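Two complexes come next, and they have one chain in common, chain A, joined by chain B in the first and chain C in the second.
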Partner chain A sequence: MRVPPTLSTVLGNLFKKPATNPFPKSDPVPVPEGFRGKLVYDVEKCVGCRLCITVCPAGVIEYVPEVRKVTFWLGRCTFCAQCVDVCPVNALSMSDEFLLATADKYDDNLRWFHGEEIEEFKRKLEEKKKARESFKKEARKAVESEG
Partner chain B sequence: MNLIYATLGFIGVYVYVSLVSLLWEGMDRKLVARMQRRMGPPLLQPFYDFLKLVGKESIIPRDASRFFELAPVLTLATSIALLAYTPLGFEPIFGTKGDVIVFVYLITLMGFFRALGAISSGSPYAQIGAQREMVLIASKEVPMMLALFAVLWRLNGLGVSRPFGMGTFYEHNVWELGTPLSVIGTLILLFVFLLWLSSEIEVGYFDVPEAETELAEGPMVEYSGRHLALFELASAIKIFVSASLVVAVFFPWGVSGYLGLTGVTALVAELLFHTLKVFAVLFAGMSLFRAITGRLRINQAVSTFWTRLFPAAIVGALLLVIDTLGVVA
Partner chain C sequence: MNVDEFAKVFGERFPDAEVRISENKQPHPRRRVWVTVGRDRFHEAMAFIKELDPTAQFSIIIARDAGETLEAKYHLELFWEDGESVSLIIGTSAPKENPTLPTVTDVFPSALAYEREVQEFLGIRYEGIPDPRRLFLPDDWPEGVYPLRLDDTGIKPEMVKNAGHPYSLKKEGER
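So, the complex of A and B:
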């Protein structure tokens, strides 16, 4: 029976500080540059080209034809960032956020542009359309009256 | 009246040892964590674990026999009975002459009941664990008994009131012989006892029956809820009792003599000092040993006992005998 070589290491460790990060009490370990966190979607920039749907390996993205935008459910996202790379207008980006645990798989935090937002967007589009039409009508009337 | 006082004292000792042994488990986990540069659980974690287990549902396997539910109770009952014969800084409460046999019997019986519960569970994992437990019991008690009886026989020669009782160690101790041969013999026996302690509480080399990574908890694999809680408490008490034996045999010095205490305060002071010594012995025999060694295979563990510790115990005992009989003068 030899004395195990770990003995001195172990005894030395007793007098050192623990090399741990007590997370909920302290900040998490800082993320590196270019970290692939939660996907961020900018609806306004999106032109509805559907390239992201083509490259997504996990089927996170779905096209909404009425508004020519896409909707996301990040519950399946694998954080591969291929959609970010392929997006021609840079409507997609990766954030630093990674604390995404939730009890509800359809949590609002895991959705981009869904449900009421789509409805609201539709309503806005319609209003714009009406406004445009009424403007056109008025413009036509004005042209007619002027003769 | 005397019996009533003894019973009250016994209950007090049981409550004290339960609390302190669980506290030690918390300290052990903390110490091992610090040795690996972790922070470890809070000091009172074993208490939380115990309470949680008590509150959880206990599942009885369909193939389990009646002993499955009985074994944890019997194990804890044995460990409590063991406390009546354990030297805790003062003479055991029900100590009498020859009670060392009862001590050895009860501490072996605990392992036996554990194996019994495992065999009754109907799980092949538990049964393999039980086999290993029995093989280990058959090997580990032999060097310990030889060493213990040799020491007791030697102390008996100095004239004690209750020969072969656990109280003997507080009348005379092995170091006061002082001759070179006896000191060497005692050191060898101390080595034997420390390794026996590690095997009795199944840490380091001798984590063979439980073997989490290999056998999935071994004998305890089918136990859950309050049955497991009883086993956990019993094994915590066993850790304290085993270390108490080592402390009593090799480090029986008290403090009350130096402090000039008498009566109940002396008992309390001795108990606290004994607890400190137990913690020190457990630090070496449990925490350090657990942190620096891996598990042996069952055949290696058994051969360690028969080819290393048993000869060591024989040599140590012979040195004591030679010293006493004056064969080499």
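So, the complex of A and C:
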């Protein structure tokens, strides 16, 4: 029988440690610097300029006109980070998080600024507006009573 | 034969053809010949190019809907054996009422796949094409719909599907 040419390599490898990472038991392979993981959105910084919507190639972002913010659904995100590069106020950034598997494509983990958060934001805006108006009224009254 | 020589030889043989030499700058300076020939003399022009350089490399056909006409540009690489090659873009066009062009598969057999593609996507008919079957579109694709046309024979709006963003889906009362 012919000796296979790979025999010496195979025999040598039999006595080496396995070069694998048994993932759930160990930590995943560390991510490099500048890794493009899950997108992180900072609602407070956002000014609603809609630049991210124009550059997004995957339709992840929708504009919420009532509050002048954007809403994200990362189920479609391709992690190209173009929105991060174009954002003028640095409201977007890429995190190191990459374990994003879910059973539901509309999972909360894959959404930024949606549902209740938008409603809450709307309420806050309303309150602010009312407060500003009442402040103005009081100021006007004060001016009238003085004059 | 370099770019200028080719332009001269071609211009003498086809005086009614429009010959232009473009030059792109850095980072990759390259001169290209752009030729526009009427469709009645197009096959003759391609045969002449094959005669000039029997080893001519036929690259691709790029066709587009140019409003009143359908344009097809044929990209070829000539004289590539003598060092710097001549990059030739030879074009022709057909009016939309009678969108037929002569086939060049008898001169460049590799043009067949591109002609079939142009035929199904833009509705240009190639006269004498040996294999007029569809290449990319599915078998149940409707007749008379050409995806790359910009006019009424293009894709209908109801054929475009979008899975939708959950934010806008919610607005419509779903989910």
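By definition in this document, the second predicted complex is superposed on the first by the 145 of 147 C-alpha atoms of A that agree within 3 Å, B and C clash if a C-alpha of one lies under 4 Å from a C-alpha of the other, contacts with A are read in each partner's own complex, and residues count from 1 in each chain.
Methods note: a residue touches a chain if its C-beta (ideal position, glycine included) is under 8 Å from a C-beta of that chain, and two chains touch if they have at least 3 such contacts.
From a predicted model like this one, the values you see are computed outputs, not experimental measurements.
Enquirer: For the combined arrangement obtained by superposing on chain A, do chain B and chain C clash, or do they fit?
Expert: fit
Enquirer: State whether A:Thr71 touches chain B only (first), chain C only (second), both chains, or neither.
Expert: second
Enquirer: By residue count, which of the two partners contacts chain A more extensively, chain B or chain C?
Expert: B
Enquirer: Examine A:Tyr106 and indicate which partner it touches, taking first as chain B and second as chain C; both and neither are also allowed.
Expert: Second partner only, chain C.
Enquirer: Contact-wise, after the overlay, does A:Gly59 reach chain B, chain C, both or neither (first, second, both, neither)?
Expert: Once the two structures are laid over each other on A, A:Gly59 reaches chain C alone.
Enquirer: If we overlay the two complexes on their shared chain A, which of chain B and chain C does A:Pro18 touch? Say first, second, both or neither.
Expert: After superposition on chain A, A:Pro18 lies in contact with chain B alone.
Enquirer: Contact-wise, after the overlay, does A:Val10 reach chain B, chain C, both or neither (first, second, both, neither)?
Expert: After superposition on chain A, A:Val10 lies in contact with chain B alone.
Enquirer: Between chain B and chain C, once the two complexes are placed on the common chain, what is the minimum CA to CA distance in Å?
Expert: 25
Enquirer: Touching chain B and also chain C: which chain A residues?
Expert: none
Enquirer: Taking the complex as given, what residues does chain A use to touch chain B?
Expert: 1, 4, 6-7, 10-11, 13-14, 16-20, 22
Enquirer: Where on chain A does chain C make contact in their complex?
Expert: Its residues touching chain C are 59, 62, 64, 71, 73, 75, 106, 111, 114-115.
Enquirer: Which of the residues in chain B end up touching chain A in this complex?
Expert: Listed in rising order, the residues are 31, 33-40, 288, 291-293, 308.
Enquirer: Along chain C, where are the residues that touch chain A in the complex?
Expert: For chain C paired with chain A, touching residues are 162, 165-168, 170, 175.
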